[in-house]
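In the two complexes below, chain A is the common chain; its partner is chain B in one and chain C in the other.
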Partner chain A sequence: MSESIDKPVDVQQIKTLLEANNGARIKTWLSICSRCGLCAESCFFYLANDRDPRLSPAYKFKNTLGLMYRKKGNVDREFLKKCYDIIWGECTTCKRCSMYCPFGIDIATLIATARSICFSQGIVPEGLARTSANYRETGNQMGMSTEDFLETCQWMAEETAEEIRGLTIPIDKPGAKYMYTVNAREPMFYPQDLAMAAQIFTVAEEDWTIPSSGWDCTNLAMFAGDKALAGHVVKLMYDKALQLGVEKILITECGHAYRSAAFEGPYFAGCTGGKPPVEIVHSVRLFYEYLRDGRIKIDPDKILTEPVTYQDPCNVSRNGGLWEEGRKIIQFLAEDFRDMSPNREHNHCCGGGGGYIPMGPEFKKRRMLSGRVKAEQIRNTGAKIVITPCHNCFDQVNDLNKEYDLNVRVLSFKEIITEIMIVPEKFQPVDEEEAGDDE
Partner chain B sequence: MAQIEYKGKNFEIDEDGFISSFDQWCPEWVDYVKSSEGISELTEEHWKVIHVLQDYYKKHGIAPMVRILTKVTGYKLKYIYELFPSGPGKGACKMAGLPKPTGCV
Partner chain C sequence: MCRIFYLYGLSRERDKVFYNHMNWSWAWRSIGHWIIPWGSVSMRKQPIFTFAFFLFHVCLFAVPIFLSAHNLLLEEWVGWSLWTLPDRVADALTIALMVTVLFLFLRRLVRPEVRILTTAWDYVLLTMTLLPFLTGFLAYHQWGPYRLMLVLHILCGEILLWVIPFSKLSHVLLWFFSRSFIGFEMGERRGARSW
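Presenting the complex of A and B:
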């Protein structure tokens, strides 16, 4: 927890927030829950911890947001600290429980509302607060300067052009079809992700660009309960897209960025009708189209033969609707696909979503313990490769791999596609010796 | 926080396996974590990367982006991954005694 000053809470402010959120929907949700318990069995925290009733989603929202409303905002700091432990430490807002609630109560939204109330009183995980400071200052979660970002793009374009002839990373190209946005960890620590995306777009002969601002599509402020900042972050991206006049915003293989850009962001940013100003497309959708339409072809000799499984990122599959596209991509890439059980929109959260991983060591133990459900799902498939189009799932499955000795490799679609796609002749690098002979 | 002892040195490590403060760092730490980071034998090249990370951290208080690491060491990105299979963001920072970087890593 961030070092909040131990001052009394601002009850008036809490009341105002509760009032602002007290629409018919939340009121109904809070009063309609009949304690049927169906949500409990849907929650991986509950399942992984000996079915502790305190981990059932209904218990979690009733004892946090529910009590805030019941007490009409008259709560103290001690109470909010208890809420902290539940809403950040025992829920990843994966929304699986909402699918199993017979009344359709959107429990994740209730938890997110409780997060925003705790945030208003300075109660927020330290790991998320640090990213908020970076977003405020630079527009990206890692505090990278524009100069550093652009230089990394240029460097990756130069190194990769040695492998794919004619490869460039176009910056701020007006009117491009796709404005490609990434997770700040890519330019910062995994620049090869930028290179791989550029390889795919070059071979697919895509009209694309990377923006010099609004390029970080992540939005951890959304998970910190800081709605104003979340709106600012997503608006940087929307505004840049409008300024460049691009057709669509393309989201990297990141889950929560899609949730933010396509679904929650428009509300944070105050867009009319709850729709983003430009169409939002996730990489999973576009990669599927490339393979379906033959714009990217896979070398039949290189198709993966090892058994693979697919980790559905909650915010790509369940909350993004792309579960079939993910599987259709795999049909092109691998011959032995073994789905998890349950799967698709019913798949469990990796156990690291909702900001859990950026919260860092504070909840690491719980993250590993509750990840047991995912670890068992993976082990039961017998797969040697876990594909997942989300950095967060990627890290969590890697951590689970170590913790539970799963003996798997975790890969993104980009990594596999660039490894096994056919690079047409015109994109093959020119052999230096041959080039010399020609002169 | 957990306490561990290795070759006569004591380390306090957080749940992510990073030492809790840079002051505790000593070469024994690198030896202690190398196997869990997929490194069998430490070479001069490993030490060069570790020292660059530490110099940058002492000056700026954060881990450098990979671009800086490649520029200062003169190593290509692929080579850095060969040296540190768990990556320059996490594995190399952990070995150099830096805190886990902020954000989605």
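Presenting the complex of A and C:
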């Protein structure tokens, strides 16, 4: 938990926030919940922790936001600290429970509202607070400078041009079809992700660009309950897209970035109609179209033969509607696909979503415990490769792999596609003599 | 009704999200999948509870609306009446309702994830739902003092109707709104299903 632990609670501010959120939706939800308990079975925290009834979604929202309303905002710091434990430590806002509630109560929204109230009193996980400072300063969660980012792009372009002839990473190209935005950890820790994306776009002959600002599509401020900052972050991206006049914003293989850019962001940024100013496309959708339309072809000799499973990121499948696209991509890439049970929009959260991974060591033990459901799902498929188009799922499944000895490899679509796609003649690197002939 | 209008006004002001993504098709699908028994994954995972709670709701509506005695009164007052259930069937449905109430009562006591959420008010409401049926049943069979039973029956029924707008029982109408909302919130906005 971040500082200001002993500061008195600003009850007036809490009251104002509660009142501002007290619309027909929340009023209805809080008043009609019939306490039937059907949501319990939907929650992996509940399932992984021996069905502890205190982990049922209804219990969690009743004892946080529900109580805040009942007490009319007259709460103390002690109470908010208890909420802190529930709303960040026991919920990833994966929205699975809303599919299991007969009334369709959107519990994730209730939890997110409770988060914003705790945030207003300086109660927020330290891991998330750190990224907030970075967002504020540099517009990206890792605090990377524009210079470093552009250098990384250039470095990757140079390095990869040796493998794919004519490969470039266009920066700030006006009027491009896709403005490709990434998760800040890609340029920071996995620059090859940028290189792989560039390879795919080059081979698909895509008209794309990377923006020099607003390039980080993640939005952890959304999970920290800092709506103003979340709006600022997403606006950086929208504004850049409008300035460049691009057709669409493309989101890297990241789950919550899609949720932020396409669905929640417009509200944080105050866009009219609740829709983003520029169409948002997720990589899963675009990669599927490339394969479907033959813009990317897979080498039949290199198709994966090992058993493969697919981890549906909550914000790509359940909250993004792209569960079939993910599976159709795999049909092109692998012979032996074994789906998890449950799957598609009913798949469980990996346990790393909702800001959980960046919340860091303070929450790691719990993350491993509640990840048991996912670990068992993976083990039961017998798969050796887990594909997931989300950075948080990627980290979480890797951690689970170690914790539960799953003996799997975790891969993104990019990694597999660049490994096994056919690189047409014209993009093949040229030998020195041939190059001489060409010129 | 007043409550609905109040919520409508409030939603106009504070819940733009409701109108931004409104879509009838998603709303109907969301309602449809949840109004048909076992129409959603959630219900299929809890088959026995689903059976009990559908039976409960069917009896709850069918008996008072289609009871021949009630329709006789209606005929007297307004000069027309609805199709009626044979008394024997109505009797059976009343018993079924009382059994399902007992089931729901026990479920609240037995299942830890339900017990922890349950408040005394839940038991009171369940009892209040049961009483008009119990007293009506006793009055019909003329078990116990008939006149007293009849008065109690009318009283309990009135109280129950009065309580609806001020309690979770308001879901009798609000359910359609909350179901519609999540239907197009998930569907029109995100392209995903909510059942």
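One rule holds for everything that comes next: the second predicted complex is superposed on the first by the 431 of 439 C-alpha atoms of A that agree within 3 Å, B and C clash if a C-alpha of one lies under 4 Å from a C-alpha of the other, contacts with A are read in each partner's own complex, and residues count from 1 in each chain.
Simple rule for what comes next: a contact is a pair of C-beta atoms (placed from the backbone, for glycine too) under 8 Å apart; a residue touches a chain by one contact, two chains touch by 3 or more.
Here the structure is a predicted model, which is why all the values come from computation and not from measurement.
In the superposition on chain A, A:T309 makes contact with neither chain B nor chain C. Look at A:G274: by the touch rule set out above, it reaches chain C but stays clear of chain B. Of the two partners chain B and chain C, more chain A residues are in touch with C. In the superposition on chain A, A:Q377 contacts neither chain B nor chain C. Looking at the shared chain after the overlay, A:T113 reaches neither chain B nor chain C.
Chain B makes touch with chain A in their complex at residues 14-16, 18, 36, 62, 65-67, 70, 76-77, 81, 87-90, 100-105. Partner chain A is touched in their complex by these residues of chain C: 7-8, 10-11, 13-18, 20-21, 30, 34, 40-43, 45-46, 49, 53, 111-119, 122, 167-168, 170-171, 174-175, 177-179, 181-183, 185-186, 189-195. Here chain A touches chain C in the complex through residues 20-25, 27-29, 31-38, 40-42, 46, 51, 53-54, 56, 58-59, 62, 98-106, 262-263, 267, 273-275, 317-322, 342, 345-346, going by the rule given at the top.
Taken in their complex, chain A has these residues touching chain B: 127, 130-131, 134, 141-144, 148, 151-152, 155, 159, 183-185, 187-192, 218, 220, 254, 357-358, 360-362, 364-365, 391-392, 395, 402.
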